[in-house]
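You will see two complexes here that share chain A, one where it goes with chain B and one where it goes with chain C.
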Partner chain A sequence: MGNIFPRWLNFLPLQVLIALGGVGTLIVAVIWYSFTPKYTRVGYEPQQPIPFDHSLHAGQLGMDCRYCHSNVEESSHSNIPNAQVCWNCHGPGKVKSDSPKLAVLRQAMDTNSDGYTGEPIRWVQIHETPDYAYFNHSAHVNRGVSCVECHGKVNEMAVVSHQKPLSMGFCLDCHRNPESRLRPIDEITNLDWTAHDLDRDEFYAYLAGKTGKSADELKAEGPEKIDQEALGAYLKDAWNIHPPQDCAACHR
Partner chain B sequence: MANGTTDQALHPSEAEGVAREPLVLNNRSFSWITERICGIVENRQPLGWWFLFIPSVLLAGVLIGTLVYLVSTGVGVWGNNQPVAWGWAIVNFVFWIGIGHAGTLISAILFLTRQKWRTSVNRSAEAMTLFAVVCAGIFPGFHVGRFWMVWFLAPVPNANAIWQNFKSPLLWDVFAVSTYFTVSVIFWYIGLIPDLATLRDRARTKVRKVLYGFFALGWRGGNRQWQHYEMAYLLLAALSTPLVLSVHSVVSFDFATSVVPGWHTTIFPPYFVAGAIFGGFAMVLTLMLPCRLIYGLQDMFTMKHIDNMAKIILLTGTIVGYAYIMELFISYYGANKYESDAFYLRILAGPYRYYYYCMFFCNVIAPQIFWFEKARKNLWIVFIVANFVNAGMWFERFVIIPTSISVDFLPAQWGIYHPSITEKLMFLGTFGLFMTLFLLFLRFLPVIAIAEVKGVLPQADPHYHDWKKIKEGRRGPGFPRPGSPDPSDVK
Partner chain C sequence: MRWFFLILFAIAVMLAVGIGPRGEKFTKPPLYVFPDMDWQYKLKFQKPSDFFADGQGARRPVDGTIPLGYDLPLTEDDFPVGDTYYRTGLFGDFYGDGMPDAVAVDEKLLMRGKERYQIYCTACHGTSGNGQGVVSKYWQIPPTANLLDPRVAGLPDGQIFWTITHGKGLMGPYNGAVPIEDRWAITAYVRVLQGAAAAK
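Moving on, here comes the complex of A and B:
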């Protein structure tokens, strides 16, 4: 009987093997790179109805985050301010009240304006926790986790974008090693703060009020040089922080 | 003893003094075997094949329908809930995976122990094994709820920082079953290569030539090819032998390593392995008894094979019976109150006690008839008992799994489990899938290992013709020549 297959087909298995290896590597590489929140979420920068400039308000003017996101310390949800909060400063006769950028605000608030509807401003949500994950803002900010850890340096953003992956791995990084993220509660909304800014005397005086020991006692016990790890370890111990790592902590 | 006995020594089977039943009856020739087995694949299928195939495909469609319904609606369409979180899905998984044990036992362990009767059974038993494992895999796969998340079971670094719990027997199960399936597929395929080449060489149409030729991997049957082939086959047999014992042991760990009374038992691994071989052989008989009649394979798949398998069923069934009784004895003899209560409810007072009675009758009592040779030689009895065993092994898994968790430590948590219609249809559907795959296997692949069966024919012995001549008095006393092996030593 004759040959069913041509001679060159002898090398086909090898070629197929090499091709499969290449395709396999490519698929792994593509999934590895682009199927993670590092790729799918980071950089998301939607256009907002009003081009509210965080770098101007929170950065240059130094407004506290909590002026607008006022419930963050009490609530699991950090609220988006309603139009009344904007109106406090941008109302009639106040700051830039005639700016064309604020037309949407005037539609929401100014009964005398042309297109008044009374409709709330439809801000576009950027950071979103999935429904199956429970996240509590107050639990974090009241235990020394700054806004910046999850939201990045919003005080430098003209347009807010998604800066951190907020994947489950991202949450677990901190829950497994909270020392690297804890800071004094006063500095929660100070997004530029680092542990090196900390004044040692001031820190222990501050802690004295919290722990019931005198500042000198604490200073004697505490670490010599305050870097983030030392501070974090100290705060973790002092505040008895044990971030849960079981499934039910977030998936309730 | 060399020369003195040669004139009496004829065929080795006779030389041994004990007449062994030949493995292939009626002194069939090489070409008859090729014709008969390849004929199944090359000719039109008998009507019986279509009568089985069409309902099987429809049932497989039912399986697909229930799976679509399950995925699109959610696992709530199953009846399992607290406290019985493991219902029919896990029962069916263990049932199918158990059936998948006969194939590797026949192909690997019987190969290493040189049981030559395996040659005409191993191909179909291995195919059945693979299809049973496919059916088994469906249940835990969908039992996880969101089956597209099944990749969480694999240790792949991921953005969720999820890592497997290597202390969990459920994870060992994933590895054990997937290893078993992979090795079984390779083993089965390696065994098929020479036969695929036979089919290729006999093929008349271009499509058949190309397809069988492709899968035959250029097999020519040369000496070097056979040398490599047999070494590969031997190594794979050695590799899969531990798997026969490990897979169902690991499956039993799913239960045995927990603390649930009725599950937490050290007897489980050997008891499960014996049960798996028991159920697997019953399924081989269930499939092959009709098959050998429909396709006229009685000369290769002989009464001797059926007799051997019936004996294995008797042995393993008795081991299983010992395990049942030992479980009861320990629950009575041990000091664990929960254990004794669990077994009291299981056999006397609980809602599932009838399952226990069915199980005990089907698995322990029914096979005892195989002590009698007459029963082993009666195909109807063998077929009926094999089906009792098939049913009994399902009852056994039901008795172990839902019964134990329906009565836990706290009476406040006790509850009854009712399977939903979706679960029932899904189980029925896996039979459709299983039969569809098996019938397609009959249709397209040689059901008996042609090359291997030829190897156990008397004609395959290099000295067959010499002995024949001696027997017929055509060979003088000069035989055997100096240096040639003594015929009575040649197997």
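Moving on, here comes the complex of A and C:
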């Protein structure tokens, strides 16, 4: 019997293993990197029927988010404004009423415009949780969580894009540790707010208004420096905030 | 083997370029990796629905009914019971003056009024009510009403409420965005602004 198989064949199983390992690593790397909302969703920026600019309306003109998203405090759903809201300012005789960019708005509102349909404007939804998960805006907005935590700095966006993954891990990160994100309710729609904007005296005066104690008493026992952690820990305690972590809270 | 790794490396580079970094801007709808149960056949807020003939998911109440917890319709003809002054600002055909019984004027109401005023009114009427809001400069047909003007200060409460509800001249109606209670709160706060201006 001679050698039927050449000698290099002895290494074949090893080579196959290494090759499979290489291919496997590549596949895992691709999935790990890109099959997550951090990749699939963040940066989503669909083309809208009207090039509506938040950085102009909410940033430059300083309009409050609730002028348009008026249900956000009462409802689980934050509404997209209807055409009447835009019409308040962009109707005939008002602001830029004949701008070509607003043609779709006139089709929805102005019975005299050509192509009047009366149909609602079809805005494309950007942030969307899957239907098996329950999300509630009012539960967050009235408990000191600002829009900026979940939507990014919308007041600086010319076009709204998806900035945070809004995955389950993202929700739970905050539910486990809300201290670093809570703020006074009055500042919810002030997206540029930081805890450093709070003056120490002002902070204790604010607290004094909310608790029975006087500002001086609070100052004596309160933290030296007002930073986000101190504020958050205080608010969490004062408002008795316990974000749910059980599955049934969000998957109901 | 060497060739194999070279090719693998080339594929890896191509994939890396194709995938790109996280957070890049894109306009196509995002990929749902496991789409099971992500889109269930149910009505959702502000979404169309192919179940109804008119294609809208949002439904109007059945004629002659009012859903629990909703504001009543606006005119007495539509629904002639309850405190109509509270809902319309009118006594019969005339603007009423004074706050309706259902609204207690206290600090809470005024704080609420201030907050709501600053959300819905400041853009045009200005924080102090002087008609010099940021947006008023952009209007093609000026001017925006100066709420501190003695003419406006002399209007009955009911007329201010009515104006917020229905709009006036170029001002649009705010009955959609601002519920009745808040409209009264804003009315009360406008009185505060006028008082502060008159005191100066």
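Assume the second predicted complex is superposed on the first by the 245 of 252 C-alpha atoms of A that agree within 3 Å, B and C clash if a C-alpha of one lies under 4 Å from a C-alpha of the other, contacts with A are read in each partner's own complex, and residues count from 1 in each chain.
The working rule: a residue touches a chain if its C-beta (ideal position, glycine included) is under 8 Å from a C-beta of that chain, and two chains touch if they have at least 3 such contacts.
Owing to the predicted nature of the structure, the values given are computational and were not obtained by experimental measurement.
*Asks:* With both structures lined up on chain A, is it a clash or a fit for chain B and chain C?
*Replies:* Chain B/chain C on chain A - fit side by side.
*Asks:* Touch test for A:51: chain B only (first), chain C only (second), both, or neither?
*Replies:* Touch status of A:51: no partner.
*Asks:* In the superposed arrangement, which partner chain does A:5 touch: chain B (first), chain C (second), both, or neither?
*Replies:* So A:5 only meets chain B here.
*Asks:* Touch test for A:24: chain B only (first), chain C only (second), both, or neither?
*Replies:* In the superposition, A:24 touches no partner, neither chain B nor chain C.
*Asks:* Comparing chain C with chain B, which touches more residues belonging to chain A?
*Replies:* Comparing touch counts on chain A for chain B and chain C gives C.
*Asks:* Determine, under the contact definition given at the top, whether A:172 touches first (chain B), second (chain C), both, or neither.
*Replies:* first
*Asks:* Looking at the overlay, does A:118 come into contact with chain B only (first), chain C only (second), both, or neither?
*Replies:* Neither partner.
*Asks:* For the overlay on chain A, what angle lies at chain A between chain B and chain C, C-alpha centres, nearest 10°?
*Replies:* Computed from the C-alpha centres, it is 130 degrees.
*Asks:* Counting only touches as set out at the top, which of chain B and chain C does A:66 meet: first, second, both, neither?
*Replies:* The second partner, chain C, only.
*Asks:* Least CA distance chain B-chain C after superposition, rounded to whole Å?
*Replies:* Distance of closest C-alpha approach: 8 Å.
*Asks:* Starting from the residues of chain A touching chain B, keep only those that also touch chain C in the other complex, and list them.
*Replies:* Comparing the two interfaces on chain A, one with chain B and one with chain C, the shared residues are 35, 38.
*Asks:* Sort out for me which residues of chain A touch chain C in the complex.
*Replies:* Residues 15, 18-19, 22-23, 26, 29-30, 33-35, 38-47, 61-64, 66-67, 70, 75, 77, 79-80, 82, 84-85, 87-89, 91, 93-97, 130-132, 161-162, 186.
*Asks:* Which residues of chain C touch chain A in the complex?
*Replies:* 1, 4-5, 8, 11-12, 15, 19, 22-27, 29-33, 37-40, 42, 44-46, 115, 118-120, 123-124, 134-135, 138-141, 170-174, 176-178
*Asks:* In their complex, what parts of chain B are in touch with chain A?
*Replies:* Residue list for chain B touching chain A: 158-162, 200-201, 209-210, 213-214, 218.
*Asks:* Touching residues of chain A toward chain B in the complex: what are they?
*Replies:* 1, 4-5, 10, 35-38, 165, 167-170, 172-173
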